[in-house]
Every structure is written in structure tokens, then in C-alpha cells.
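Take this structure, written in C-alpha cells, and hold onto it; I'll ask about it next.
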Amino acid sequence: MEAKEKLSIVCFSGDFDRAVAALTIATGAAATNREVTLFFTFWGLNIVKKRGGHRWTGRGILARFFNFLMGGRNNLPLSRLNFGGLSPKLMTGMMKAKNVATLEELFEAAKELGISFVACEMAMHILELKKEDLIDEVTEMIGVSTFLDRSRDAKIIFI
Amino acid sequence: MEAKEKLSIVCFSGDFDRAVAALTIATGAAATNREVTLFFTFWGLNIVKKRGGHRWTGRGILARFFNFLMGGRNNLPLSRLNFGGLSPKLMTGMMKAKNVATLEELFEAAKELGISFVACEMAMHILELKKEDLIDEVTEMIGVSTFLDRSRDAKIIFI
Amino acid sequence: MEAKEKLSIVCFSGDFDRAVAALTIATGAAATNREVTLFFTFWGLNIVKKRGGHRWTGRGILARFFNFLMGGRNNLPLSRLNFGGLSPKLMTGMMKAKNVATLEELFEAAKELGISFVACEMAMHILELKKEDLIDEVTEMIGVSTFLDRSRDAKIIFI
């Protein structure tokens, strides 16, 4: 029996369009029997921050300020032509109209497909985020070396 | 006989500088006997949209609007310091002065080197683009899973 | 004896946060016994330009102009929320407060860990930069094909 193909994606960007790309590739890979790991770091942590009143996360004043500016899952910007957040909404509309999975639905699918969500320990530390600030899908905080060890037989994509 | 080395590039970005990087790596790889596939998705589709009067491509009003804003091959922006499109022109000038292949020439070379151009089915669908909206070099529209299948023995770079 | 695992990183971006990401992954990989190559190209050359009075590098007027605008190691911008350069300084402060290695310290570590620094020949040529314009850690200028040859058994990440 051949070993399962593996794919690891470093989700560095917090842009809406890049998040959609990461999740689309991830779910496409997992749906075709690949083992997928998503490693969220820096801006990418925005994608997995809990919704709701948690925008001012982080403990120190600087970290809180940064986290506030970075925003959260509900207001990921588009990497270009963001128009103050209007474009991601328009795009979600277009995706729905075309019956293409939205970011929300991609997360649901990722979970069902058993994709592994991990967060970068160091970025969490710098931004003073705790595991409870992230959505439950994120099961672990790991360092870069651990991520590389787990990705030994995997392709790694940086988004 | 050893199998040919393979390289797959996901061209997600529509920035002029990143397009040049993608094509430079692709042609450099193909010229040294590697099998190269370029997978154009999202903003990256701008790089392979037909020139000329096709800027308002897409059928629905939203898709047309987005495609208009995204622009086309003649007005790819620089990822930084774009200055309303002046910088890509300056850069092309610098490249010509240095006898370095311009984006146009890189495409010619890519074609001659047998690089495979494919477009992302889902992104085409969302943006309501049809195969005839893209340059002839793009021979196929495929899904993410097909792309991953074909890249099984390839390195994958996301640009 | 198994061959040493290899990692090659194309440092295309000159953004402060992406430079930190590249160096963090690189040092994390090298510290766990991997062979790491950093290939600096285009905006990424900013990360390895010498500090100090060298901002107006390049010989021709256009190249000098571009190099001036691109800036150097002391003023790498953040990819988002740069606020005229304030944010990278704040972030360096946060990194220091958390005892996380700053970009400067990451470079020191990279050097000690024997990470290989190479610069893209073509980008140097376009931007009219000479080897002496770069920090001493950069030992070679190589082409894309040479980089790919050296990365034959490596994972390649594009940042």
C-alpha cells in the first residue's frame, strides 16, 4: 500500500482571497484522499480567530492594538480592490450565486474532511493570543520545526 | 532513464512583478529540461486574459465589474510602488535596456518550451470567464484536484 | 545514512513581515539539521542590501530611482498596516518584549547555522546592483536554473 500523499499549507496571509485559495486547495486535496495540514501564522491567524466580541484580543496594549487593526474572520480584506471591505462581501455573493463554497462552507468541509488545523506558537506568542482566542478547529499550537517535521513527506505551499 | 523533473506553479497573483517571477522561474525550469505547468487562478487569470476590447469580460454585471477592475494583461499593476501603472512600464523599459526578456517575450519562450498553461475551472466559473476570453496558450480548464493529481511528482510553488 | 533534508526559500517579497517569516522558517529548519538556501530576488534583495549610505544604489538613473524607492534593510515596510514605517518598528518592539529573535538576530542566527545566501543574477542585473551592494552573507549571484539544480532534492517555498 502506498503512503497517503501529504500537503501542508502555511497560511501566512490574512487576505480574504488568499484564505479562499488556501481552503480551496486544502479541501480539494483532502477530498481526493490527501492528508492536509494548515499551519496558520501571523496575518493568517485572523482566519481562525473566533468571531464576535473577540476583536480586541491579546493582553498587552500593543498586541491588542495590532489585533484590533488586523481584524478577524468577519472582516478579512481582499488583497486588492478591497473598497473598505465591500469586495469580500460582493465576492461571497458571487460565490453563492455560482454555488461555489464560501469561506464559511470551506471551513465546514475542511473539518469534515479531517484537515488538521494548527497555529504557529511564535506568532501566537508575539500577538499575545491564547488557544481559546481561536476557533475550536485549531487543535494545537506548534513551532516551525515541529511543522517541518510533520511535513517531511509533504509538499509545502506558502500562501 | 530518470523521469523528468517536474515543476508546477500556481499563478494566483495578477501583479506584474509576480507574473514576471512566475514566468522567469517557469522558463528557466523548462529550458533546463523540466516539465512545467502553470495553473492560473483568481487574479492570475488577468495574466492570460486576451488583450484588446475584452476588458469587460464576464456575463453577469458583478462579474463584469470585477473583471473590469481587475484589468487585463496590458495593465497588470506592480505589487508595490505601482504609481498608477507607470512602474510596470518603467520596469519593462529597464528589462529591455538590459536585454532581459519582457513579460511578452517570456510568454513566447514559455510557449516554445512547451510549458503547459491551464486555468482554474472554479475561478473561471466565479468570474464568469469562458475559455475564449483567455489567450490561446491556455489549453485547458481544470479543477484543483486534477491539478494536484498532475503535480504528484512535481514541486509546487504558489506565487 | 540518510541524506540531509533540504529546504530552499525564494525570498521575492521585501516586506518586513514576510522577511521575518522567511528567516524564521529558514533558521527553524537549519536548527533542526536541514540544509537551507535563501534565494533573494527582486524586492527581496532589499533584505540583503547593505545598510547606511547605500540607498541610492544602482548605476543608471532609473535603477537608482527604483532602488531608492524600494528602500533598504532599515525601512522594509509591513505588507499591511505599515503606517509609514511605524508598524515594523512597533513589531520589532513586540518581538523584543517577547524575547523573540528580531530580523537582525535572525540574520545572525542564519549565518551561524550555515544557511546559504544567494542572490538572483537577473534581478541584480535589472536593478543594476553589484555584489558589493549586498551584505557579506550573500556569497554568490546565481541564475534561476542553477538555483533549481541545487534545489533538486529540496522543498521550495516562495515567499
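Think of it as A, B and C in the order they're written, each chain with its own count starting at 1.
Basically, a contact is a pair of C-beta atoms (placed from the backbone, for glycine too) under 8 Å apart; a residue touches a chain by one contact, two chains touch by 3 or more.
This structure is a prediction, so every number in the text was calculated from the model and none was measured.
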{"item": "Interface residue overlap between copies chain A and chain C, same or different (over half shared)", "value": "different"}
{"item": "Size of the rotation, in steps of 5 degrees, that lays the CA trace of chain A over chain B", "value": "120"}
{"item": "Whole-Å gap separating chain A and chain C, where each centre is the average of the chain's CA atoms", "value": "25"}
{"item": "Residue list for chain B, restricted to those that touch at least two other chains", "value": "155, 157-158"}
{"item": "Footprint of chain B on chain A - complex, ascending", "value": "5, 7, 17-18, 21, 24-25, 28-29, 31-32, 34, 79-81, 90-91, 93-95, 97-98, 100, 155, 157-159"}
{"item": "Partner chain C, residues of chain A touching it in the complex", "value": "10, 12, 14, 41-43, 60, 62-63, 66, 69-70, 77, 122, 125-127, 143-145, 148-149, 151-152, 155-158"}
